[in-house]
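Order of writing sets the chain letters: A, B, C and D. Residues in each chain are counted from 1.
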Amino acid sequence: MTHARKMLDTYPGSAAMDAAVLVECIEACFDCAQSCSACADACLGEEEVSHLRRCITMCLNCSEVCAATGRIVSRQTDFEPTMARAALQACAEACRLCAEECEHHAREMNMEHCRVCAEACRRCERACGDALSAVGA
Amino acid sequence: MTHARKMLDTYPGSAAMDAAVLVECIEACFDCAQSCSACADACLGEEEVSHLRRCITMCLNCSEVCAATGRIVSRQTDFEPTMARAALQACAEACRLCAEECEHHAREMNMEHCRVCAEACRRCERACGDALSAVGA
Amino acid sequence: MTHARKMLDTYPGSAAMDAAVLVECIEACFDCAQSCSACADACLGEEEVSHLRRCITMCLNCSEVCAATGRIVSRQTDFEPTMARAALQACAEACRLCAEECEHHAREMNMEHCRVCAEACRRCERACGDALSAVGA
Amino acid sequence: MTHARKMLDTYPGSAAMDAAVLVECIEACFDCAQSCSACADACLGEEEVSHLRRCITMCLNCSEVCAATGRIVSRQTDFEPTMARAALQACAEACRLCAEECEHHAREMNMEHCRVCAEACRRCERACGDALSAVGA
């Protein structure tokens, strides 16, 4: 349960894009910021941590981009499509890279947290893509 | 829908506290980080923005503390209670202050986004309090 | 005075790019994240806050992107050029947009904080551009 | 070189505390946010990464708190001492814990990046303490 939809519905003005697309993008960004932080931490807790360095860096970086993008798309006042596009493109790319890395470890090393994290990344990659279409990429 | 619970369940070790308390705290922190960003933006979009300066600053600050705390409690590897406590106390306090400010504007100025944001703040204040009890404050 | 250079010099491996370019990029990103937060706050403190809405949103968004990018380029372990590129491009674009907005208010409304913030944005835009060249954009 | 001092000097109002104390606190927070991110990354790049798990978590957490606090003290509009105090206390504590951890690895494992990072943490701990005194802790 998040308050993202209710926050958007009580915004004093019109949203920058279709509300369902926007809310999904906001929620996916914050969720992925959390999952990627948690996956970096779970990798750090694994015995084979030395094999997971790339995954840790990727997750930490993806988490940063998602958190920044989640806040940027949360802002409707004087929404600037060029700014949103720059952030959404970076976020979709970060999520794609991180998903690939996590899927690799889920497959090869049976890392369940990587499998879950990849799900969150793919959802966010999709949501950013949909928001990009809505904003006119 | 968030992946917080699944991320915790796939962590390779034991969680720092009761899983339900922890997941609620993580989700409440990220949700409040989003709501506060959105409320600052909604206040900025109001005609009476000059009356809402304090609310905007409060929301921006609360959003920072929640985002930091959400990530800190997401990390289980070498969880340090003293660090968690410091963050959770600051977060509970930030949420309390922000909730009071938002409740004031909800009441006096009929600001619906402030009412929704106050809900998110109170939920997060409570969740941080429960996590503090669990961690042994 | 920052510790960025010393942190890079003590990294146990080789940096992803020329150290001077990298340190300037790191420092410019963190400095711009701070300046943009401060400029949004200074705009909020102005009597004519209602004319500065776009500048506030732009500064808040630019601050997010700079903070994320500053951390991403700070990470050398398994540095992934594609990830760095995505962040650096978004950051250079955010800084360009924010600089234009701030320069406008510096010129038209004599906003001194906007003039200073635009300086920080232009420095960061340049530093990200140089880092992009170094990483092979 | 940062723009923190110039941003504060162009703020349209009076600062919440002595300018020198405030600027040192702002700069120390952003510097420590960067150093701690970089130290977590440097630890991750070490061969003995499995011995450095606690240091990585500590650094990542400290970086979050410093970044949040740096932005909070950057905001002068409707500065709320109670909010500032909560953040500054958490930050001083996070820096103290992280400095102890890093000093330990600097001493026992000759980790030079930990020695540099501990310097940044101790500076930030001190700067937050001075700001707390100025704000009336």
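We take it that a contact is a pair of C-beta atoms (placed from the backbone, for glycine too) under 8 Å apart; a residue touches a chain by one contact, two chains touch by 3 or more.
Only a predicted model underlies this, so the values are computations on that prediction, with no experimental measurement involved.
Visitor: On Cα atoms, by how many degrees is chain A rotated relative to chain D, nearest 5?
Guide: In short, 180 degrees.
Visitor: For the chain pairs C-D and B-C, which is connected through the larger number of C-beta pairs in contact?
Guide: Of B-C and C-D, more C-beta pairs in contact link C-D.
Visitor: Using C-alpha centres only, name the chain that sits farthest from chain D.
Guide: A
Visitor: Distance-wise, how many Å sit between the C-alpha centres of chain B and chain C, to the nearest whole number?
Guide: The mean C-alpha positions of chain B and chain C differ by 27 Å.
Visitor: Express in whole angstrom the distance between the two chain centres, defined as the mean CA positions of chain C and chain D.
Guide: Result: the chain centres lie 19 Å from each other.
Visitor: Considering chain A alone, which of its residues make contact with at least two other chains?
Guide: Each of 41, 44-45, 47, 53, 56-57, 60, 67, 71, 75, 77 in chain A touches at least two other chains.
Visitor: Using the touch definition from the top, list the residues of chain D that touch chain B in their complex.
Guide: Where chain D meets chain B, its residues are 53-54, 56-58, 60-62, 64-65, 67-68, 71-72, 75, 77-80, 82-83, 86-87, 89-90, 93-94, 97.
Visitor: Any idea which chain A residues touch chain B in the complex?
Guide: 1-4, 6-8, 10-13, 26-27, 30-31, 33-35, 37-39, 41-42, 44-47, 63, 67, 70-71, 74-77, 112-113, 115-117, 119-120
Visitor: Quick check: in the complex, which residue numbers of chain A touch chain D?
Guide: Checking each residue of chain A against chain D gives 41, 44-45, 47, 49-50, 53, 56-57, 60.
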